[in-house]
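Handing you a structure now.
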Amino acid sequence: MSKLREECGVFGIWDPDGRCADTTYYGLVALQHRGQEGCGIAVNLNREISHYKDVGLVNEVFNEEILRKLPGNMAVGHVRYSTAGGSLRENVQPLVLRYVKGSLALSHNGNIVNTAELRKQLEKNGAIFQTTADTEIIAYLIAKERLNTSSIEGAVKNVMKMLKGAFSLIVMSPNKLIAVRDPWGFRPLCMGKRGNAVVFASESCAFDSIDARFERNLEPGEIVVLEDGNIRTDKELCGKYKSSLCIFEHIYFSRPDSFVDGQVVHDARKRAGALLAEQSQTEADIVVGVPDSGLSAAAGYAEYSGLPNEMGFIKNKYIGRTFIKPKQSSREIAVKMKLNVLKSAVDGKRVIMVDDSIVRGTTSGRIVKMLREAGAVEVHVKISAPPFTWPCFFGTDIPSRDELIANHKTIDEIASAIGADSLDYLSIENLHKIAPDSKCSFCDACFTGDYPVNVKHLL
Amino acid sequence: MSKLREECGVFGIWDPDGRCADTTYYGLVALQHRGQEGCGIAVNLNREISHYKDVGLVNEVFNEEILRKLPGNMAVGHVRYSTAGGSLRENVQPLVLRYVKGSLALSHNGNIVNTAELRKQLEKNGAIFQTTADTEIIAYLIAKERLNTSSIEGAVKNVMKMLKGAFSLIVMSPNKLIAVRDPWGFRPLCMGKRGNAVVFASESCAFDSIDARFERNLEPGEIVVLEDGNIRTDKELCGKYKSSLCIFEHIYFSRPDSFVDGQVVHDARKRAGALLAEQSQTEADIVVGVPDSGLSAAAGYAEYSGLPNEMGFIKNKYIGRTFIKPKQSSREIAVKMKLNVLKSAVDGKRVIMVDDSIVRGTTSGRIVKMLREAGAVEVHVKISAPPFTWPCFFGTDIPSRDELIANHKTIDEIASAIGADSLDYLSIENLHKIAPDSKCSFCDACFTGDYPVNVKHLL
Amino acid sequence: MSKLREECGVFGIWDPDGRCADTTYYGLVALQHRGQEGCGIAVNLNREISHYKDVGLVNEVFNEEILRKLPGNMAVGHVRYSTAGGSLRENVQPLVLRYVKGSLALSHNGNIVNTAELRKQLEKNGAIFQTTADTEIIAYLIAKERLNTSSIEGAVKNVMKMLKGAFSLIVMSPNKLIAVRDPWGFRPLCMGKRGNAVVFASESCAFDSIDARFERNLEPGEIVVLEDGNIRTDKELCGKYKSSLCIFEHIYFSRPDSFVDGQVVHDARKRAGALLAEQSQTEADIVVGVPDSGLSAAAGYAEYSGLPNEMGFIKNKYIGRTFIKPKQSSREIAVKMKLNVLKSAVDGKRVIMVDDSIVRGTTSGRIVKMLREAGAVEVHVKISAPPFTWPCFFGTDIPSRDELIANHKTIDEIASAIGADSLDYLSIENLHKIAPDSKCSFCDACFTGDYPVNVKHLL
Amino acid sequence: MSKLREECGVFGIWDPDGRCADTTYYGLVALQHRGQEGCGIAVNLNREISHYKDVGLVNEVFNEEILRKLPGNMAVGHVRYSTAGGSLRENVQPLVLRYVKGSLALSHNGNIVNTAELRKQLEKNGAIFQTTADTEIIAYLIAKERLNTSSIEGAVKNVMKMLKGAFSLIVMSPNKLIAVRDPWGFRPLCMGKRGNAVVFASESCAFDSIDARFERNLEPGEIVVLEDGNIRTDKELCGKYKSSLCIFEHIYFSRPDSFVDGQVVHDARKRAGALLAEQSQTEADIVVGVPDSGLSAAAGYAEYSGLPNEMGFIKNKYIGRTFIKPKQSSREIAVKMKLNVLKSAVDGKRVIMVDDSIVRGTTSGRIVKMLREAGAVEVHVKISAPPFTWPCFFGTDIPSRDELIANHKTIDEIASAIGADSLDYLSIENLHKIAPDSKCSFCDACFTGDYPVNVKHLL
């Protein structure tokens, strides 16, 4: 079941009561949906940074003994997304390093588009790179800037000006914890409090899980510096560019219970569903959402259309990373293992099937087929986003344009390819209506090719 | 989040095309919700039985290499429930043994109530026991009976007459695969087909996952013998007792997409919800189900009451077995880690919260509290089953009567203890209406103390 | 490097100061050379027996947490030899079971030759077997005998009379620790003390490692019962048969520092070497022993002959169980990896190479070749035992007669096959002179076919 | 049993026939004694470098699947020594990086003494450091030099001029394999051939294990460049300093079968033993070496003195990294677990006990005590090196001067502290006689404080 994957979630905490590694552990578990390849925690105890990281899920990598060996009253954490390919243990974050002013730990969510140029420049000055991650380039730039800047936050700000692309960044120096969101605001980042403690996380759901109170989202371009419990904020770079929050955070990436730039994700998804229902009235008996990401939109569709919202699928929650995939001959079983149709719910029904995206079309085709085999007499597919037609350079692994079905087929052809009686995508116009409470405007480049940053050299 | 746990799921297959270990693997993954402590597969190749089993989830215990080393055209599999206590690796099933007629493998779901007596009798004849499982007693009895019986199925039938309690059993001998359901029918068991292959499983959801066709449920007391592809059935013991399917299979244990004795589980749950709504009209704004088991009943409640069915909770699906539980001081966080309230859905609302059971009351109390903290102005708790007041001796780990809150408090007191504005349980009368399509009547002893089998010696 | 393997080592302890699992752990580490496949420890705390066992080395299977969960003031332990084949986790010992009188744990070293008959008899009475180990048969017989015998030790004694073959056995009942050695004394067993604690072990080296004092070897046929700190001994079965200690315990199996039936193993090996030197005076410059088992005999050869005893080989001690063996094409490298010749020691020399056995001849041939490549001008091979020509049924995995090179070739032909300038084996006559201090006479059946017990049905 | 530890072994290969990862695996297993903390292999396939490394022994870290994923016809490998402290996974080598000219892999054995200065300079130019290893500094310097140098080997040579201290280095660039030995020759490095393949290794024993032919040791200061199968050597830096091979390579670090700068290690050790015997004629009955490192010297002592060389100790070879060390109260058992005295060999004897060093005195004291308990009437300790009195800065973890017993006590006092009847160390004068065939002179700073490189800033 090929789904898009997000690159990473970040977490940071300053807590005078200590036990920061434990809190970060719980925060990362709540952010696990943003990355399942690897994870790590770096702590700061009396200006000394120590860390532990590895490939695997948070509750696989860490155990009580490891957490006990990470005392500190500052910490940064990171979860990294799961790649198909081999072990890239070196790329697991936080990146921990020593530079002219001591130690530094960085957690980064996003993707920079001018890395090639930056890397070349650094290499021309003798830099060596041990990872393939952008984070290392950012670290280098900070280290260099720090040479001529009187503070670490000053250096970070200078670097922000050099970077083109997405970066929600948490930097831990011997004395400070610095949270940074790129001036476009591609990726979310928010701040919370728990007693005297201050926390940062990619999504607010991480605060709920540690009993912290959500304070606010960082503004695109904002720098928050935490030192000795004092919070300073620098908004000089805010408003430099038109805000461009990745709209796929609302459609798919973020957890429904997260609050992203003023907008509850679940509500945005419901609204997308409602807009789909408004867009084209399709005669049908029931609405079913494809778990888990299609469920909110299905609820919105059902509510608007007045059709019953049925639980059409049961998901097997025990299919872990080591699950043995069935051989070629029985690929279809792989989908059935993960998702079973509730026959009694769909048998004899005209079904509205709501999902968030179609990438290559294969998985959608299998799900439609399952519905029909279970007795659905019609299957109308509603996608809570427009068709993918462009690659993403800001941290999402949308495959190459060649692989995107919407670049080769008309909507009718796609409907036919996946065996649907009809197919509708959310229109671009409606897409921009799904998050009325959002304080940010959106990047919709994967649907429009309209990139907020120059990416011509990458296309 | 203390939940009841079922003891085990069983699977069996005869397939002339071989690869039975692979198919059993996929079947067990689909049955994983019935037991997460351990699992195993025994295969039969040319009358030789080999096996592999261990503690852990199916996709942790098995890998491709292990499956490759288990060739055969018959197999039995087993998943075992997760106990809190130490390693009981010896108890993992299938039980594989040699006896006077060769090899034997047994997978057993259920619990026998006259084991003490049977064990004593066997020990008086010199038996030794290497596990604490009932299955070993059953194996012994079969081995003994086989001495004076002309066939293995004859021995199995004789043993069935000696056993009091729950047993859905799959027995693999050198030549035969035998599926047996106790005469009360406490635990489900069904048969399916795929091409020439015949399969047995605790629940029909296992057939969907391997692309097999559901044929039928075994009747209480039925013995099905598979030999050289021929199916023989022996119903002599059918109807000996009043059928007593565990009603909690419908309320909680079985997967919603399973078809148990003629009744789709999801539909029974929805009906339980509808009956709750009918039972007492509570003024409210929305209905929310507690994931995952409360969701179907919530749908039924909403449908009947006309109230909107909202997604009130987001469940973290990444909390694995090795998750580090928060320390005493912060137990409440443990619930929050697993379940987060969707604030925007419940804020300012009068909420109907639907769940399937209250055991000790602690977890329910935490969930109610979470709803209130998220802004719910009223919380009315609806339980889709009657109050637990009696222990179960047929394979469910309902705690001792002392621990069951319903034995100490009135319903009003429980409501107050869990902080609910009101609390309603499904009435016993309505309980028996939830599964109108069921071919079996039910055991409701955990609610009524009315045990289908004499258990006085155990109370 | 194919070497013979011994089946198992046993350990038992009664210690009023507790921590018996820890002491057993250290004892088993000292006995690890007797078996590397698996190991286990069972403890007895207030009549309750709990245990832990698994495949792997002692320091792989156990860790501090596991040992902490095994409190008790009695314990039995076991190490099991490494088989080439698949996982036989079920066979790992101690065997722990419940029977008519409560719990029982057994550790067994040896092999019974009338198992087929005993098993058949038990099966005819309805017994079921879950392992392929003799130990389970012994357990059954004890359980049966106990029904008509007033004490566990009485039952054990009755069973001893039924068993033909090798068994050094430690039995732990709720109240007693019983050590038993078969009437032939095939396998060693000894008793020691440490303060108030009493310990049993296959070899005395286990006592040194736990700071216990060697007391004495058990006599063939002796039963020692430990109850509440009191030692009772029953010698009724002593002297029933001619004592038949496996002479290969002295030549190869036991650790050189062990004291077996009055004889220090290292001294027996040195004597074997001296007798070899006496047997045939070979002109040579140096003596080299093949590590580790040939080193003692080489020392004896050198001492008697007056030739210098050179360190001719360096053994790589880092080749663990998971070592990847080189592919077919480069098998010779496998030997070189494990054993490297010290060129400077052998270059230009006429070498006496001392080893304990030649099984198939392949390994010996490779070692001779290595010596020649390192510059040895002559290589004379001296084997500190006679040629293997018969299988062993008492716990040693000597391969089938077909595979034994000495059954196909004359000594000259073997010399030629392994590339030696000459080859001499210890004569049978001299073999019986190597252990002058031994209180036991020996089983030499693998060299003579003269079995102390009837094994015709197995040949 | 506290022993000194060496920092690392290196391996490199160019083989047109491929399978370089496999060969490196076998080479590293042979070098495992030089480091047990971690290991890694980097391969070069068509100018692309990929790698795998982790903490653990070579046969724990690698398996067939991992090796299969490392195709290439050049490779470098590394084994790293075992530190007491926590996981330093980042420090495991080879270091693999990208720089201005592409990829680079480095394996380094040794320790640089002017790192602080070099690091500071690099940091002042904006460098960031992700490890605590010198290797990263070397890599940086090479990358920087490469900017103004026309070849990688030119850059390496420039860097060699900047480095003070020990470095045997293997560098793999997209096209070349470069082996470098520091101008002092602190650590060994040698070259071998197998067919068309060329190999480099810290010690010649690695060649034997892969069936390669030893060609020669690299000279101190030599650079060997391998490109397309052609070998170029650059000796410009040879003879720049007085050669200073670490004499402890002969006494303890290197494997006895290695050939280090013209001298067989075993022979040097035997000679050290002989010189000890010559130094002071002690009346005694037998000589025993402390395994494994004291065995060669004991042989030399015995040969010179005419006393019999007895196997006095049996070492337990099954004590792995996960061995649970006995608690404080029973520390002495830890030594006994690892080393048992062969009582019959020493009972009633005046014993010459030969070992290679005394660090804190604790272990030596325990061994002497064990000999006495086993009946030795006199114990005369002979150390095949002078007393440690100075720290090492070139890759050996000799503890601080405070911890070295020879800095606090006279020889008589040490003898008394360890319970010896007499104690003799090899004299400095004789130390320099142990390796007559050596083409290098030696660094003996740990005994004399006479450092070949300025280390005042570190003392």
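First chain written, first letter: the chains are A, B, C and D, and each begins at residue 1.
Here, a contact is a pair of C-beta atoms (placed from the backbone, for glycine too) under 8 Å apart; a residue touches a chain by one contact, two chains touch by 3 or more.
Model, not experiment: these values are computed from the prediction.
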{"item": "Graph separation of subunit B and subunit D (steps between touching chains)", "value": "2"}
{"item": "Over-half contact-pair match to C-D, picked out of the listed pairs A-D, A-B or B-C", "value": "A-B"}
{"item": "Chain at maximum distance from subunit D, centres defined as averaged CA atoms", "value": "B"}
{"item": "Chain centre separation in whole Å, for subunit B relative to subunit A (CA means)", "value": "36"}
{"item": "Inter-centroid spacing, subunit D versus subunit A (mean Cα positions, whole Å)", "value": "48"}
{"item": "Chain centre separation in whole Å, for subunit C relative to subunit A (CA means)", "value": "60"}
{"item": "Per-residue overlap in subunit A, given as positions that touch at least 2 other chains", "value": "none"}
{"item": "Contact pairs between chains, per stated definition", "value": "A-B, A-D, B-C, C-D"}
{"item": "Residues of subunit C that touch subunit D when the two form their complex", "value": "22, 25-26, 29-30, 32-33, 36, 57-60, 62-64, 67, 205, 208-211, 255-257, 259, 264, 266-267, 292, 295-296, 299, 303, 308-311, 314, 316-320, 322-324, 326, 330, 332-333, 336-337, 340-345"}
{"item": "Touch list for subunit B against partner subunit C, complex", "value": "52, 69, 86-87, 95-100, 104, 123-130, 136, 139-140, 143-144, 147"}
